[in-house]
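Can you keep this structure in mind? I'll have questions shortly.
Per-chain numbering from 1; labels A, B, C and D assigned in written order.
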Amino acid sequence: MTKIKIAYIGGGSKQWARTFMTDLALSSDLGGEIGLYDIDLPMAYLNKEIGERINQNSSTKSRFNYVVYEKLNDVLKNADFVIISILPATFKEMASDVHTPEKYGIYQSVGDTAGPGGILRAMRTVPIYEEFARSIKEICPDAWVINFTNPMSICVKTLYDVFPGIKAFGCCHEVFHAQEFLCLVLRETRGIDIHRKDIYTDASGINHFTWITEARYKDYDLLALIPEFMEKYYEEGYYEYFDRFQFKYDCFAYGNKVKMNLYSRYKALAAAGDRHLVEFVNPNWYLKNPQMVKDWKFNLTTVDFRIKQQEERIAESKLLASGKKAIELVPSGEEATDLLKAILGHQTIISNINLPNTGQMPDLPMGSIVETNCIFTNNQVKPIVAKPLPKAVLNMVYRANNNIETCYLGIKNRDLDVIFASFMNQALCSNLTLDDGLKLFKEMISNTRKYLDAYFPNLDEYLNK
Amino acid sequence: MTKIKIAYIGGGSKQWARTFMTDLALSSDLGGEIGLYDIDLPMAYLNKEIGERINQNSSTKSRFNYVVYEKLNDVLKNADFVIISILPATFKEMASDVHTPEKYGIYQSVGDTAGPGGILRAMRTVPIYEEFARSIKEICPDAWVINFTNPMSICVKTLYDVFPGIKAFGCCHEVFHAQEFLCLVLRETRGIDIHRKDIYTDASGINHFTWITEARYKDYDLLALIPEFMEKYYEEGYYEYFDRFQFKYDCFAYGNKVKMNLYSRYKALAAAGDRHLVEFVNPNWYLKNPQMVKDWKFNLTTVDFRIKQQEERIAESKLLASGKKAIELVPSGEEATDLLKAILGHQTIISNINLPNTGQMPDLPMGSIVETNCIFTNNQVKPIVAKPLPKAVLNMVYRANNNIETCYLGIKNRDLDVIFASFMNQALCSNLTLDDGLKLFKEMISNTRKYLDAYFPNLDEYLNK
Amino acid sequence: MTKIKIAYIGGGSKQWARTFMTDLALSSDLGGEIGLYDIDLPMAYLNKEIGERINQNSSTKSRFNYVVYEKLNDVLKNADFVIISILPATFKEMASDVHTPEKYGIYQSVGDTAGPGGILRAMRTVPIYEEFARSIKEICPDAWVINFTNPMSICVKTLYDVFPGIKAFGCCHEVFHAQEFLCLVLRETRGIDIHRKDIYTDASGINHFTWITEARYKDYDLLALIPEFMEKYYEEGYYEYFDRFQFKYDCFAYGNKVKMNLYSRYKALAAAGDRHLVEFVNPNWYLKNPQMVKDWKFNLTTVDFRIKQQEERIAESKLLASGKKAIELVPSGEEATDLLKAILGHQTIISNINLPNTGQMPDLPMGSIVETNCIFTNNQVKPIVAKPLPKAVLNMVYRANNNIETCYLGIKNRDLDVIFASFMNQALCSNLTLDDGLKLFKEMISNTRKYLDAYFPNLDEYLNK
Amino acid sequence: MTKIKIAYIGGGSKQWARTFMTDLALSSDLGGEIGLYDIDLPMAYLNKEIGERINQNSSTKSRFNYVVYEKLNDVLKNADFVIISILPATFKEMASDVHTPEKYGIYQSVGDTAGPGGILRAMRTVPIYEEFARSIKEICPDAWVINFTNPMSICVKTLYDVFPGIKAFGCCHEVFHAQEFLCLVLRETRGIDIHRKDIYTDASGINHFTWITEARYKDYDLLALIPEFMEKYYEEGYYEYFDRFQFKYDCFAYGNKVKMNLYSRYKALAAAGDRHLVEFVNPNWYLKNPQMVKDWKFNLTTVDFRIKQQEERIAESKLLASGKKAIELVPSGEEATDLLKAILGHQTIISNINLPNTGQMPDLPMGSIVETNCIFTNNQVKPIVAKPLPKAVLNMVYRANNNIETCYLGIKNRDLDVIFASFMNQALCSNLTLDDGLKLFKEMISNTRKYLDAYFPNLDEYLNK
């Protein structure tokens, strides 16, 4: 058994923490401590109680001590792994991120990565990550740091820019969905049933806008099967899990119609949920208005919905913590635990993660945060060189990546003009006039000032000019 | 006196040929032959007659033999220089390029470089340039080739891709305007009167979307003076020649208001006429509709206007050729003749031109056609490494450049899907839905099929699918 | 069972063919045909007979049809895999390669990759590979091509330069030895016994001059253990198999003393046999004369020895073919069969191979043939981005790589001056004066003209000038 | 008249200061102050007196105040230009640099840039430059800094590494000699007499190992004339000034025979004095022993000679300062004053200088200090993209450049092992065994410890291990 300390920043998380604790519990050969740190202390304690319930479960293979820490530096002390999964600010701010732009005709299906919502969220998040990076550098410079927070790329960028020696990467499950989709393509066209881990896909790009340029299962070129699949399913859509029409009632589901349309145009498969993809391309293609969203078989996620979902999760957490509801230990399908075990030397696996570009995507600038396949093994994480993207796809990816880098530069230097340059060049802002753009930007800043004033001392001046 | 042969492809040109012949006539120490080749043979003969009138003029310092050739390979034989300045197809096709998109809400102020017009024009032009490149390779591989035809970048790209050993570059005077503008900024803010050749500007980007990142006259940092200049002139505009309100009645003039607005946002000076610049950025910024165009103090150039202008020029050519109108020999302000003399070793000069990237803009891919300063001297043309563009500007330039490369790839491989990918990613096409985009593309193809069928054998299939 | 056709060029091979046939026989789930092609036809027939004996063996899991082909294009027809393992020319030429330089004070421990021997061998080999590449392009462009011939890098370079779409890579087992060495380091310092496949090493460089920059087994940083290991074993040496003093009587064995010395100087582990390593560095370090060779605990391999070894192998082949000697089926430890199965989708493995640089070593030019880890999976081979080499090591690797590229350019253009520039810049030629260098080069050409005249028509002129 | 303050670090210089003061005096339109700073204060005062004599001279066009400063920060205050031209340590240390290696068979014709002498000199110089860079950053960050000290590349590297925003470049006149040589080639083969400023040469590489890849005078390709020139002059040699046999009695002169030999091998012209060139290539080619040096028509410069020369210069300085000897004001042919005037906006000129690579030599790493042509104009210095070097030449240049970078890294981190790695990879150290190499390195350190101990605190430990 390998004994480790995992520091969990955002350890009061209502969902991810539980998923992660469950997956860890089901992994044999691990043990030690899970340190929970959260500015919402009661939620961290709740997760500790849930963790202890898990320990009592008979299916549990690995048992951890759950310890709540009130200070960042304390949770980091002696950490072998640092997990970061936070919600910067509250749903009130997220409501502004997602819904304020609607007044200006901008619809966001997610609103936490690209588009105006992504920019504002980055403005709140990057300064917090600057502090994380400084603390990790000081307290646990050798720890592996796994980020789950969005906006993913700019969070990882901040960690590396502040502490270049950090061993950090960002994890996201969106590519998995595209792999599942490819499995279904094989099943529906050739009657062969496989699991996404049976295929190798060459995925590259940036988080939530990753593209699969090659996908093979034995002799089958999976991408080449898509046109045949589309003949049957393009019109009506096909969600990759359970009910293929799930997008009709589940706002997180989608019919993969956007993905199929992009494939038919670019001959590469965009590898994230359609809800994410549409936020990186021209809004007049898929996201012009709610009717168009419906036609393309995906949904806009409202923050009201998220609030309701959150309340349910908290209620459930309380039931689980109190023992009133039994904990069901089932593997989540997420790979974080596998990656962690691979880093500990228990196995070698390949997974797509977000890392600074050191050669894996030579068409993007070195140091940009890119998402590609990587090998995880004995204390090492190595990116695999990706097949070049088609030129037209590269253009869209380059633009999105440069927007992130520009936005980061602006936040780093607390320069609102530079942030605004990135804001106006967001694909989702394409329909804005200059006047409306500035007005919207200022309105979104005003709505969320509570979480910005500490970092941007000149907001008044900017808003009034 | 250096004796040379200049092969002029497009030698029936109604304006450029005359400008060029005049400038040559005023340059001492040159002589030899100017070979005129044009598919419009009568116009080539007209220019020959004008040339001979110039020879008779008493101010003429250099006299050339004017010879009309009916075959491309004949005009190229023994050529030391090849000038290419053609109009692919007729104004009928240009009318489709410029005005068909208006039905879809796309206004183009020029319509020959970027935007839907640029794509269609490229589709007609690239195949012709493939032939030029092959002939030059065969007949006069050591000649210097100077291109003036638009779309500039893709023409130069074609020449180098077909014949990598070619000694070609593309010339454009747009940056000169921005330099003149900077001279006026100095005059209006400091009362100092200088000529554009007195200042050094670091310009880089791609043709018609070049940016000045540094500009100095002695101790003066000219870019830093712009805000002061803007206080006086931003509102009303300032055209750089003669009457500063010339944009009110001259459709080629503009108030530099777009340029000033871009400067205030990016801290770099976009170095082309505002009419060109607006075609590379979001159309909702400056080009959403005719009223917005007016507000930003520039004009849309109609093809009707061009036709009328052309007719006047032909009439004038005839008068000049026949001697009914006397030729006035004044230097044009263009630099082509100076560059030619520098290549011949008569002088060393610096000018901005379009060349494949060999290091002058390391943030763009090697081999892309970029416009930067270059040194012209004894049979050599060497690019100067440009100061990096601001990140947000680089993003827009990268996008425009990749669109050109994608478009070129599509035309080279006669692959309409790839061309359409570039079409839809044109900044000017931002407001199009996917359906409208495809409809517009097909309509523009149909309108100009006469000049496309020879090169794209599958047009019917594409249009009907 | 997957049915495949393997085309074996050099199928009369006395050793590699047998190893490969044995490994294949022991791999379940494979079948089909092994086509043997060799200019030494009787040896190909002998291998066919051995193959058929293997088929009769009871331990055999996979049975193949063995077919001898007399024409290159015939063996390539329908091939799924092409194996190339040839000896260009004969041992007579190799004797010149290896021993002629001794007259000039140059000792070569191998003489087939770097140094004067490597250059001459390349001159005979590259033109043959040009033909291979052309035939593969024509006959079986989709086949996977695995090269085993030395000089490795220049052979792979030729294949890709002539046919850029080729799916080729080069395999070499030298890195395995360094991995075994690291296992021994762990055993001798920590008492832990592991197999080389249990550790992950980050290896990069060029063939026979690859470097391990990171090596971990669970918590152990294996490179960091080397100094402790050296305290015990540096003086006397340590061969990694069986008898640690094997280098005293086996001319292929070595005491790893060179490797340890290089480690102490550069903090990275050179990952090839010491016999190979010494040919890439200054000869005055390890290879000045036979005594120094002895002091560093490795041996010079004479061609007489190789001839004798070859004769024994042929004799053994005949015994095996005739059934007079029973074939013992034991796995070789080579990875070729594993790679082949991974490509067929039976497994995913990581191994170090030689491929054009597409980002895996961004400090070397793109397109250079580099050796790094790669992933093998479903019909795909993807390089892994390597950790940067220490600057001083990079310098030596860059030099060796540029020498290969220069040599290739010279051979490609049949330009002896360029080849000679590479010859004189070989590390092993450091002690030569210019006069002696040219004399030696010419002498080595003269000795091997029989195999050069067909490709270099101007040899007389060159030798006489 | 432009009033400027020039800070001269090393202002007690016995030769350069005088040259520079003279050239300035002959440049009209300049004035202000020349601040002299030197650790040898009396020599600074002597130069001040000479300066004042120059001011009295009737040919003087520009008069400056000469002020001696005793503190570095004082001389830098308000400086517009900083000139750095120092001798680190004394001739005693230089004697060790140049002559200690002779005991080990290493002859150095200069000994201040490459080879063992260059390394030791760098070890003494870099720490001093670290201080210069810090002071400039603090006191006069906007000043232009011109370096003349050797080893040139590593001095400029230090300035930029410590203060990335510095406006520094390094000037060297060696390329001028090669240009003069080309003028002579033209004269001797075509009878045409020109000045080096009449031709354009594309020079690139690193300081003292720069290569001319293209050189034209009008229609003449000057490089192509070299073989014809060599027919006449290769055997006997040709020094480019005055007496072509000057190398027979002047130890700084040389017969350009090395240069011609290199040209015949690489088809590019090495553009520095032969004395410098030979230190960058295999010593067995041109520098194996004194006889070989003689055969190649150049000379070894002894430090005794330099001491004698120095004494004469001091004596002369005293005569000039006292007025006993009249100052003859003749332009030196050096370009520093021209560059300075170009920066002040008086003219635009092109000259070769040493700058960090930002694209001018894309085959070398970005940030390396490379010497190429640059444009000097209004407060701007811009590198020109160089033609790629022939591959075999690039290899030698890359090696030399990496050695500098490795050496710099070692000195920066005070890591003697890394410095030694660069030491052993110096071309001039090719003939050393490992034992002799280490012995020599330690001996050279011991000899010059007086100037190293302050920077390398662990010297004892290193020398004794």
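Please note the rule applied: a contact is a pair of C-beta atoms (placed from the backbone, for glycine too) under 8 Å apart; a residue touches a chain by one contact, two chains touch by 3 or more.
Computed from a predicted model, the values in this text were never measured in an experiment.
Traced through touching neighbours, the fewest hops from chain B to chain C number 2.
Counting hops only between chains that touch, chain A reaches chain D in a minimum of 2. In terms of the distance between Cα centroids, chain B is separated most widely from C. Taking each chain's centre as the mean of its C-alpha atoms, chain B lies 44 Å from chain D. Among all residues of chain A, none touch two or more other chains.
Listed by chain label, the pairs that touch are A-B, A-C, B-D, C-D. Contact residues of chain B toward chain A in the complex are 261, 265-266, 282, 284-285, 288, 363, 365, 391-392, 394-396, 398-399, 402-403, 405-406, 409, 417-418, 420-422, 424-425, 430-434. Those residues of chain D that touch chain B in the shared complex are 199-200, 202, 214, 216-219, 344-345, 348, 350, 358-362, 366, 373, 375, 377-380, 382-387.
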